[in-house]
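Read through the structure below, which is laid out as structure tokens, and then see the notes.
Residue numbering begins at 1 within each chain, and the chains themselves are lettered A, B, C, D, E and F in the order written.
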Amino acid sequence: MPVQDLTPTPDAAARNGAVESSVAEDEAWVWAQIKAEARRDAESEPALASYLYSTIISHSSLSRSLSFHLGNKLCSSTLLSTLLYDLFLHTLSSSDLLSSTVADLRAARERDPACTSYSHCLLNYKGFLSIQAHRVAHNLWTQNRKPLALALQSRIADVFAVDIHPGAKIGKGVLLDHATGVVIGETAVVGNNVSILHHVTLGGTGKVGGDRHPKIGDGVLLGAGATVLGNIKVGAGAKVGAGSLVLIDVPPWTTAVGNPAKLVGGKEQPKVHEDVPGESMDHTSFISLWSDYVI
Amino acid sequence: MPVQDLTPTPDAAARNGAVESSVAEDEAWVWAQIKAEARRDAESEPALASYLYSTIISHSSLSRSLSFHLGNKLCSSTLLSTLLYDLFLHTLSSSDLLSSTVADLRAARERDPACTSYSHCLLNYKGFLSIQAHRVAHNLWTQNRKPLALALQSRIADVFAVDIHPGAKIGKGVLLDHATGVVIGETAVVGNNVSILHHVTLGGTGKVGGDRHPKIGDGVLLGAGATVLGNIKVGAGAKVGAGSLVLIDVPPWTTAVGNPAKLVGGKEQPKVHEDVPGESMDHTSFISLWSDYVI
Amino acid sequence: MPVQDLTPTPDAAARNGAVESSVAEDEAWVWAQIKAEARRDAESEPALASYLYSTIISHSSLSRSLSFHLGNKLCSSTLLSTLLYDLFLHTLSSSDLLSSTVADLRAARERDPACTSYSHCLLNYKGFLSIQAHRVAHNLWTQNRKPLALALQSRIADVFAVDIHPGAKIGKGVLLDHATGVVIGETAVVGNNVSILHHVTLGGTGKVGGDRHPKIGDGVLLGAGATVLGNIKVGAGAKVGAGSLVLIDVPPWTTAVGNPAKLVGGKEQPKVHEDVPGESMDHTSFISLWSDYVI
Amino acid sequence: MPVQDLTPTPDAAARNGAVESSVAEDEAWVWAQIKAEARRDAESEPALASYLYSTIISHSSLSRSLSFHLGNKLCSSTLLSTLLYDLFLHTLSSSDLLSSTVADLRAARERDPACTSYSHCLLNYKGFLSIQAHRVAHNLWTQNRKPLALALQSRIADVFAVDIHPGAKIGKGVLLDHATGVVIGETAVVGNNVSILHHVTLGGTGKVGGDRHPKIGDGVLLGAGATVLGNIKVGAGAKVGAGSLVLIDVPPWTTAVGNPAKLVGGKEQPKVHEDVPGESMDHTSFISLWSDYVI
Amino acid sequence: MPVQDLTPTPDAAARNGAVESSVAEDEAWVWAQIKAEARRDAESEPALASYLYSTIISHSSLSRSLSFHLGNKLCSSTLLSTLLYDLFLHTLSSSDLLSSTVADLRAARERDPACTSYSHCLLNYKGFLSIQAHRVAHNLWTQNRKPLALALQSRIADVFAVDIHPGAKIGKGVLLDHATGVVIGETAVVGNNVSILHHVTLGGTGKVGGDRHPKIGDGVLLGAGATVLGNIKVGAGAKVGAGSLVLIDVPPWTTAVGNPAKLVGGKEQPKVHEDVPGESMDHTSFISLWSDYVI
Amino acid sequence: MPVQDLTPTPDAAARNGAVESSVAEDEAWVWAQIKAEARRDAESEPALASYLYSTIISHSSLSRSLSFHLGNKLCSSTLLSTLLYDLFLHTLSSSDLLSSTVADLRAARERDPACTSYSHCLLNYKGFLSIQAHRVAHNLWTQNRKPLALALQSRIADVFAVDIHPGAKIGKGVLLDHATGVVIGETAVVGNNVSILHHVTLGGTGKVGGDRHPKIGDGVLLGAGATVLGNIKVGAGAKVGAGSLVLIDVPPWTTAVGNPAKLVGGKEQPKVHEDVPGESMDHTSFISLWSDYVI
């Protein structure tokens, strides 16, 4: 398979146009990329060819490939792969979920410098795979098929160590980077184009039910190990530093850091940034010198 | 299966009476609930019925169901499910362990608003399942069957990402919520009615053996990501905030937060609360405003 | 199998001599220990004997045993154990990797008081197993067999919840204790005799590629949940406290703690310690009293 | 599930009418029977309920149930159940194959006194399952997808010990009773309403290709261990005794027995019977006394 | 394990005495032999030690070992090994079934010169394993648990290519040698000390139910490929030659051979032998010269 | 992959020359064919590509491919594929066994008109696979590793329904066509270029050990269901008809048929043929008309 089979990425302008075209075209373009990447890799690495054919090349669509892959990853001796495959295929083929899947693939490809191909994300990113499986669980939840939704949540938690309650609402273009240890509660909402690092918690507090989990705005970046608790808002474009504990609303386009978290610039006039942290993935620019505090 | 098969929960007074009756009656009541829930779910969700029959409905007792479920979850190509099933069934049928299992099921059902049925906990809660498997490992450890106890610890760590040394002593009515990333060391002791969130560490320090891990009193709440190190005491009814690092004894009924942790109210006269945090699950009431510190 | 089959550990002086002898001799000594331990355990615990024979006793060398064990742990329905076994055996038999494996076994045995035998580490330590599998992935990466290296990384992340990019360089004698949740990025470098607790992140920042991850010097200790971000240096012999967030170079032989981290003793004249923290595993001596800060 | 859920079998006249109705109605009737039988059995035998739900009750159609069951029976570590399920479902849903499946179910139910329910045949009859899987292989063969057809033949031969070349043409209403050891060659043709006992061979002779296997007429009965070799005809309604070797055409409505076979009644005026042996299943009426030959 | 651990077989007289003692003693003696053999083999063949420990040495009784082995052999993705293990253990521990198991082990050990140890039979003889599993199926059948009995028959037919209807009654001390292709119908009865070679059929005829299969007397030998059809009697001590077709009663202590079968010596005064063919296993002494018939 | 990648078969003369060259060259030629066939099939049938890559294309030699395939086919939950792969690879790589494997592949390709490619035989022919696995078992037997040899025999008997005692000696260029039900005893010897159809038995008689099984000369053809019992000789070039029972020596180049078998042409002057029946595969030319015998 010659390298030129790999269609060059259309430039930004062209792709912006594509975004406006139908989901089907967008999905077709990404799926063609993925198949070409997989063929190239199968050619160069015979030891992996069987895996690439079974997971990607033999399938006729992205939703079939993804359903097959998730079915095999999430099955157990008591939840057979054929059952899960059927369930995933039925759900993931819908136009709405497919556009979310494509947006998530693009998010990983564009924001994570370690993600050098779409197929790499599709096959190997446990964060990506967890979100796709969660979308199926969420779909079941909204149809009141709760026991099956919870069984699926449990399998995702066992296999990927990512625990997303099926009631949680997750936007499009979301990146769960590394993903291990992420916990997202039942009434949490995550906007579009959000990036969430590993060990992040969007948790509740207390033993009372109801709306009790955080709402994360569009374009937010939540650093590794950030813990956000309670029915609070993290405003659009905000950034939460690694290891921070956030218990109070974070204003849009500001940065909260520390345990307990403080707003960079102070609570009265917090510093406002202009880039979209969920896309720039800048974790660290708020600090560059050791402080004077002595410990 | 009509819904009325679900025996209504006895009111609190009645159940207090039940607590005094034998473990067998208590177990029988919970097991009847679980079977009724599973039958109802199997009826409403055929895709899950096979799973519910194999894990719950076909079994004659809670300990058989749990042993079957754990055997299938924790088996590997070199530790067969039949061996584990036999081992679990032998141990988990004892009256003492059975009463702990029932208390843990109640803890999840009462403290976690996302836990809407006993069967949901039994089937899907990796924290609950990790503790039950740990009790078997601990039982082996106390009989000096250490290699088998350690092999079991390893399987729990692989499958659930929960690492509890078989030497650790865990009380009854303990909730491991979400559970991913919990680490509990060899000489740690956890009291009754404790609630522990995910990513909590009860660790040692240094490379010397002996008694080197924390002792957690009854009714304590340890927030997500809390790290407690060394042979220290966290007193009964104390609370440790999410992400806190605790290296010094925490007095009973007080709250320690931050990294490194500080006592809420100050070290001289720390604020004392009255509710039992391990049961109220209140993680956040100690803070409600951004502080004045500028970063 | 009489207990005297267990060759007594040579004293320090003798072993120093052994270090200078060939890797083959060193490997032979450790492998003989492991087989003797496994035979003793199989004799005392028939329920575990099958497992011990298949994983250890039936094999003719440490690299065969390890390859078999990793192949069975990391295989999936689409990446068969036979393929992985072949791959691991080919790579792990090299003299260089074998000496690293032996040094890692010694690191666990000497630094972790819960590690009471070499075979316990070989069979049960997910940190040890993750590093060995990573060495194979790294070897593939340096041969430009990137898709296979990334597939292997993905399996390690799924099975052990340890996410080490195959590009990362890891020294010898490294201990990943508990290991769940460890994340190490593509351009990270970890020196010799480093000890890393669970939930530690050596991460990048931003969405630009290139050299963007931490460099950890020899003998460093990184406490549980420590997050180190960016292309910074943690100097030889430094210590990072549990839960700390480090975004700036840490001088050699100093201690950084807190979120964000501060240098113990102050940034001007940080306190310098003399022991090697990666070997002493002292996590906590920098603090012994509650501070006066009121929260 | 009360027994009256089991729709009574329509009487013969009614069913004759049903035969003329569409395949869909016929399939619907049989499928309703199968589900009712499975529900009754699940109710009476909890240990089997999980199996019955996963193979029958949870499915929405006969072709889905059959595809799931065959996929799980015929899969291997290198031919995954999801792939086979997809393949079977695609093929077995066609109206033509579905009518053959239904006719085969009826054949077993009506001719084999040991077959006391349709679900028993669907789940347990390796002859029935082999023919259904063969129909898929034959379908692939006629589309010139020969390697996949041959791989499927191989799995049927391994799992059921039934070896039917995908080129062979098999009619409707065929019963393979017991089935172990049946061999049917590439150019064999089997008519409708044929009954074939175990160990029967429809083989070729010589090493030359081309049309070289037997043609079996409608309503034929081939007794256990009968060996029919070469491009010969066994006429409609003929019977071949158990253990017979047939190398010459058998006239319609006659009986051939022995090794080598002879025509009952003599080759000049062979005895002609009137019942349809493929349906009456009478193996033995041609002989009732020990002959006078001395051995 | 020194060879002298293998208790010498008691001489015939002694063993006759043992036969009169309790089943428990007899079982204990055979089980001790099996464990000693397995230990000796594990010592001499490390590659097999894991298998021998898991199937034999780690178990505390013959019925546990056999239940474990059958559970693993007969399980499928929809009938889990844990379910089968439980079922087998419950049934095979009964004193009556245990004495049958022991008698079958002795039959193989004494009559088959290729069977050089009891453990060889227990582990490897598909005929022995099929009969033991059939006894469980028959037990279920007599308790009217027919669907489970039939599911078990189906698994035995798939895995061992031995098809015994659960209604069939099989005596003690029965040897199924090689076993592939054996078919035994619902109303067949097989006496004690019978030996049956592979491909033997005890079949019915016609499509009418009721008592329709052969009755085989004590001590009978049925040669390879013998086909016995209909509700006929094969008298005690009779012998049926390989490949024979028998449709008429065979008198006791006579020999029937050929297709169709003839009585050796003629039907009027058939030759009577004195040895017990089911024990002597003499297949061929009735013929020693080519006959004069020209073909 | 263009079709021209398939090297044209050298004509007979050229290949005769090749036979004289080294085994290595011969194996290389066949292996190149197999890989080219597999690549062509993978290209034309994506659903099979994963299977073809994992079993053939990803391997560097015929013995690796075969060892992988057999390991996956013959493994069980207690005999892992990695163990078997290692064992097979070690044995099947020897020059002697490799030349036998190649001769067996050629035998199937040249004699069986249904065998249209070498890869078809390698992947799908249970007779071919049984013989290759038997060669490994026989090799173990001759090294006195009898328990492992017998365990392997048992797996072959379970998986392929082919029961060859590891003591039996099998020549080169042997075809087991269809193979189900073949039984070959401990002291049997099979010459070179023999063809054996399914259900053939080379059995012993009596319960005494020692040399008790048939010796089959070079070039013999044994028809389907032929039963040959006792320590007798079937001379070179002889033919045994389907379903025949042979208890007496068969002279070279003659044909024995019937039950009990008679020599074609009579015992005094049996008819002698000139072709090699093991290669011509002519099963039936001895009979072309119904005989006059009345039954």
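What we mean here is this: contacts are C-beta pairs under 8 Å (C-beta built on N, C-alpha and C of every residue); 3 or more make two chains touch, one makes a residue touch a chain.
Bear in mind that the values here come from a model prediction, so they are computed numbers and not experimental data.
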| item | value |
| --- | --- |
| Mutual neighbours - chains that touch subunit D and subunit F alike | A, B, C, E |
| Set of chains adjacent to subunit B and to subunit C | A, D, E, F |
| Interface residue overlap between copies subunit B and subunit E, same or different (over half shared) | same |
| Where subunit C and subunit F are represented by their mean Cα positions, the distance between them in whole Å | 51 |
| Whole-Å gap between the CA centroids of subunit B and subunit D | 55 |
| CA centroid of subunit E to CA centroid of subunit F, Å | 29 |
| Numbers and ranges of subunit D residues touching at least 2 other chains | 47, 50-52, 54, 58, 72, 77-78, 80-81, 83, 161, 180-181, 199, 225, 243-244, 257-260, 287, 295 |
| Touching residues on subunit C, where the partner in the complex is subunit B | 41, 44-45, 47-48, 50-52, 54-55, 72-73, 75, 81, 110-114, 116, 120, 123-126, 159-161, 178, 180-181, 197-199, 223-225, 241-244, 257-260, 279-285, 287-295 |
| Interfacial residue positions of subunit C with respect to subunit E in the complex | 42, 46-47, 49-54, 57-58 |
| Residues of subunit D defined as touching subunit C within the complex | 77-78, 80 |
| Subunit A residues within the subunit B interface of the complex | 76-79, 83, 87, 145-148, 150-151, 153-154, 157-158, 161, 163, 165, 180-181, 183, 185-186, 199, 201, 203-210, 212, 225, 227, 229-230, 243-245, 247-248, 257-260, 262-267, 286-287, 295 |
| Touching residues on subunit D, where the partner in the complex is subunit A | 50, 54, 58, 68, 71-72, 78, 80-83, 85-86 |
